[in-house]
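Consider the two complexes below, in which chain A is the common component and chain B and chain C are the respective partners.
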Partner chain A sequence: MVRIGIMGLTGCSGCQCEILNCQEALLKMLKRVSINFFPLAQDDNSLEDLDILFVEGSVTTEEDERKVKKGREVSSLLVAIGSCACYGGVQSQRNDEVSLTEMVKAVYGEKGVPVKVSKPRAVSEVVEVDYELPGCPLDKKQFVYTVASLLSGVKPFFPKIPVCHECKLSENECLILKGIPCQGPVTFSGCGAPCTSAGVGCQGCRGNCDFPNFEEMVSLLTQRGLSVEDAVKFLKVFRGYTAKEIKVRGVVDEKGA
Partner chain B sequence: MKRELNVNHLSRVEGHGAVDIVIDGSALKEIRLRFTEGPRFFEYITRERLYTEIPKIVSRICGICYVSHRLASSMAIEDAFGVEVTEEIKLLRKLLIVGEYLESHALHLYFLALPDYMGYGSAIEMAKDYPNIVKRGFAIKEVGNRIMKTIAGKTVHGENVLAGGFKSIPEKEQLERIRDDLYGIIPELKATLSLFDSLNYPEANSPHNYELSLKGGHFGSLCEELEISDGTVFTKREYEFFVEEEVSPYSTAKRSTIKGKAFLIGPLARVNRALDSYHPSVKEEIKKLKNALPSSNPFLSNLARAVELLEAGFLGIETVERLLNAYPFEPEVPLEPKKGEGYGVKEAPRGTLYHRYAFDENGRCIGANIITPTAQLQAVIEENLASLVEKDLHLPDSELKKRAEMLVRAYDP
Partner chain C sequence: MDFHIERAKVLPKSNLAKFLEGLKNLSTLIAPVKKGDKFIFSEIEKVSDVAVNYTRTILPPKKFLVPYRRERFSYSTDTLQFNKEFKVRDQIIFGVHSCDLHGISILDSVYLKENPDPRYLEIRKRTVLIGISCMPDEFCFCLSTGTAFPDGANWDLFLTDIGADYFVTIGSPKGDEIVLKLRKLFKDIEKKDLYLYKESTSKKKKAFKLEKLPDLERISQLIELEYDSEVWKEGSERCLGCGTCTNVCPTCFCYTSVDVPTLDGKKVKRIEFTTSCQYPYYSLVAGGHYFKPDRASRFKHRYYHKFVGYPYQIEKLGCVGCGRCSAECPAGISIVETINRLRGIDEKELREATEQASSR
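Take a look at the complex of A and B:
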């Protein structure tokens, strides 16, 4: 039996719920794996000697850091699941705008918060990560594919091509051409473009694709009514520490020069 | 003799919690429920963001009840901009809530709570002996998920739930499929109700000071008034005057009280109030129960969830029929940002939820306050834990800890 663990740090538990949503696949999986650590779903949990550990959530508290370091030590493979674990999550979108003290004071007042906290970090900023399954939440199919691949001794592989690719395959009309703010061109595909298929622009929850052209992206967004500032904030929501790749220097002017 | 009991990591609850109990001789000295979840500062990360970003950001407060956070924030934005959505949009929102409740309640009942009563450590273990019970849980969850995926675009954090309504509405065939799915699970929902009526719930009669819910207590209500069990009715704008929040010295969730006292919210508080408003078939089923409702036994929150599940099935069928009659309809109403403040309240699966936002003239958020069910439940769970421990002091440590865990889990904080 392959021993797996599923750990939650600071997040919304949405990825762990998506894993439970795998239902039939999960029941099949249980023939080959034993779940040794999954506090959300079971009582007896042992964080020892694991083959694969899935980690959800950002590293925000001292306890998160201790847990993920221990998890790294005891597991042969560590897979970060969801955009909190991969990039820092929505909670990290203002990391570069304000200080931690300011945030604590604004929400909890002078008394502060009763646990030791740092600015939210991605798991890879704290320990070595073998694979990342981004998305908010992670994609179920990618989770099942990853487990199936690892069980068969194959490395899971995810091409970092933009969401536009899958959006086209879904035969959607381009939302950007319709004037709807959409991050498809700079976002890592693998979700099957469900948001654009519902008529909502891609929100960038899966992070950067390879070679994202943020300058052009910001320019397209500003031509559709957003200010540069709002466009950058829109792009930053899920990208966490990878948002530093967003460059707005020399934003293309009206003439497209 | 001093006894200290600590449950450091509550399992089978969403998020991170711990319970500390200190007993001195024959008296309970101290009880603490600590939420150790890392803070995420939602009231701060929403600042300076455009109103269009808000539902998406606050959706991430909770992966199970994201629909509640998205709808409460969307309604707050509509309130701030002085916009009323159409009847059809309200109906589609209601159907989405049905999906949310089917998923969330089935997850809680079958996967988090039931193993306690059947004597297993998890539903995975339970599946070996009771595969069909676990499959029933999956089947109900699946229908809820399909409704959310169809309307919102994704099962978790579906982005098509926005201020003003939706960017698109489901195809007619998809709505018909939802209707058929709902008809299909009614027997499963009835079986769920009898199953959860047949369990042996510990006795715990701790009358609550107050119970709070949206007026009428129906989980699917989009009403904007709230009701305390002493008869007080107040508006969403008055929420912060009635529900007072303070920072806890040991928990990352804030602690709330009404008139200085702990209060009950959630499925039991709602069902206690809403019994008369349910579908006739649900009322019929409630008559057959061996447990009596209304009740003040917090363990019966699980039975209350099963009641709401069945009601969700019937409400869903009725709602989808009305949507099919109105089909096709406009998915959204236009929004024009303006300076001001807006409020949104909703019954989340765990209890009443409150969002308030202030916007500048461009629709950028300049202030927010969110009062979650977890924060409001902290005080009442501690109070219930105290009376449980006092009553069961004679039990050995392990048994007492188990009871305490089951109680916290019944609230699903």
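Take a look at the complex of A and C:
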């Protein structure tokens, strides 16, 4: 039996719930794996001797850091799941703009927060990560495919191509051409373009595709009415620490914006 | 046996619905339908859904010949027994514009000329292509690519709009058979029909704005000579690398494949799916080396393949002037504009750009 753990750090637990939603696949999976650690879903948990550990959420508290470091120590493979674990999540979108003190004050007021916190970090900023399954939440099919691949001893294959690929092959009208802000051209696909298929612009929850052309992306968004500042903010929402790749035409490398 | 092949017939427009109904009874009918403000080729349930007067579909009918995603085979990990599940059905693709018929003819050359692909051959044998005439919009440039009219012999029937009727040219025995089966719907051609048919050619030609069309004479040599042109770099600065241009292209055929194991680990499926030369991983090889590391080289690659690669391989340009890549590009990059710039149509502007780049 392959020993699996599923750990949650600072996040909404949505990705862990998505795993629970893989009902049929979970039953099949349980014939080959034992879930030794999954505090969200079961009572007896042991964070020892794992083969694969899935980690959801960003590293934000001292407790998070301790937990994920322990998890890394006891597991052969560590897979970050969801955009919080992969990039830092929505909670880290202003990391480069304000100090930690200002953040805590804005959210918790003068009293502060009773635990020791840091700015939200991606798991890979704290420990070594083997694979990343981004998304808000992660894609169920990708999770099952990853487990199936790892159980068979093969590397899961996720080319970092843009969402436009899946969107265009679903024969959707291009939202950018229609004037709807959409991050499809700079966002890592794999989700099957559900948002754009429903007429909602891509929000970039899966992070950067390979070599994204942010200069043109920002320019397209501004041509359609957004200010440069708003365009950059829109792009930063889910990208966490990878938002530092955002570049604006004419602006020489100033921390993204 | 009396064997006779008709050359052409006339189909009154009032009989179109019955004709489509007749086609639907023969096999799976695929035709353009409206989706939002655009059109797509789709399997037809109700013939009233068929959109006859459309400008262009988002994806070409290629998707019914070379699916964008399909299983090649599966194998058992215990016995290594291979299993191919390749199902072909009879299909009639109705309402294909001339450019797309030429696109399919190019795919035919690519897939069937040397080492015929058995799957493509099987699908192609069981596909009937029925074309329909069209008028160009601002993105069309099929007059430059020589694909504005259905020459060649890869189609079965072609409907030309001549006012109250369609002038139906018959391109193959399969097409003739359909006309024979549905002969009650057709009329014989009269002299005036032939006159209108001939007139429709010049009518379409006149609908193009000649000064907007690209000049494609000696385009292969031109592109080879302009390999180091600044035009590529300029275009690539706007290029998002999203792959839309190749995904909507009627002649692009690149694909990749990946082995997907089942959860129990007993079976592995090999899945093929479309890919694009505009994606960095397309040129990524073992060891992490990218053969086309920068956007300019990828941007150039598409033009190179269309206008240099295809002529070498199949003696035809790989572009049929359908205008999809320009119409669908989120960044609004136009293939015609790029060619015009390479030709030096905007020579002054180009010179300035080159000077700017060298002074940087």
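Basically, the second predicted complex is superposed on the first by the 249 of 257 C-alpha atoms of A that agree within 3 Å, B and C clash if a C-alpha of one lies under 4 Å from a C-alpha of the other, contacts with A are read in each partner's own complex, and residues count from 1 in each chain.
Simple rule for what comes next: a residue touches a chain if its C-beta (ideal position, glycine included) is under 8 Å from a C-beta of that chain, and two chains touch if they have at least 3 such contacts.
Just so we're clear, the structure is a prediction, and the values are computed from it rather than from any experiment.
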item	value
Joint occupancy of chain A by chain B and chain C, clash or fit	fit
Which superposed partner A:Phe157 touches (first chain B, second chain C, both, neither)	second
Contacts of A:Glu128 with chain B and chain C, given as first, second, both or neither	neither
Which of chain B and chain C A:Phe211 touches, first, second, both or neither	second
Angle at the Cα centre of chain A, taken between the Cα centres of chain B and chain C once the superposition is applied, in steps of 10 degrees	110
Touched partner set for A:Leu177, first chain B, second chain C, both or neither	second
Comparison of chain B and chain C by chain A residues contacted	B
First, second, both or neither for A:Pro114, with chain B first and chain C second	first
Contacts of A:Ser13 with chain B and chain C, given as first, second, both or neither	first
After superposition on chain A, the shortest CA separation from chain B to chain C (Å)	11
Residues on chain A lying within both footprints (that of chain B and that of chain C)	none
Residues of chain A touching chain B in the complex	8-18, 20-21, 23-24, 27, 30, 35, 38-45, 57-58, 60-61, 63-64, 89-91, 93-94, 97-98, 102-104, 106-109, 111-115, 117, 120, 136-137, 194-195, 197-200, 203, 205, 226, 230, 233-234, 237
Interfacial residue positions of chain B with respect to chain A in the complex	9, 11-16, 34, 36-45, 47-50, 53, 56-57, 60-64, 66, 107, 111-112, 115, 121-125, 127, 138, 141-142, 145, 149, 152-160, 162, 166-168, 247-252, 254, 331, 364
Chain A-touching residues of chain C, taken from the complex the two chains share	35-38, 40, 58-59, 68-69, 77, 237-244, 247-248, 256, 258-265, 268, 274-276, 279-281, 295, 328, 330-332
Residues on chain A engaged by chain C in the complex (per definition of touch)	25, 28-29, 31-32, 144-145, 147-149, 151-152, 154, 157, 159-162, 164-165, 168-169, 171-174, 176-177, 184-186, 209-213, 215-217, 220
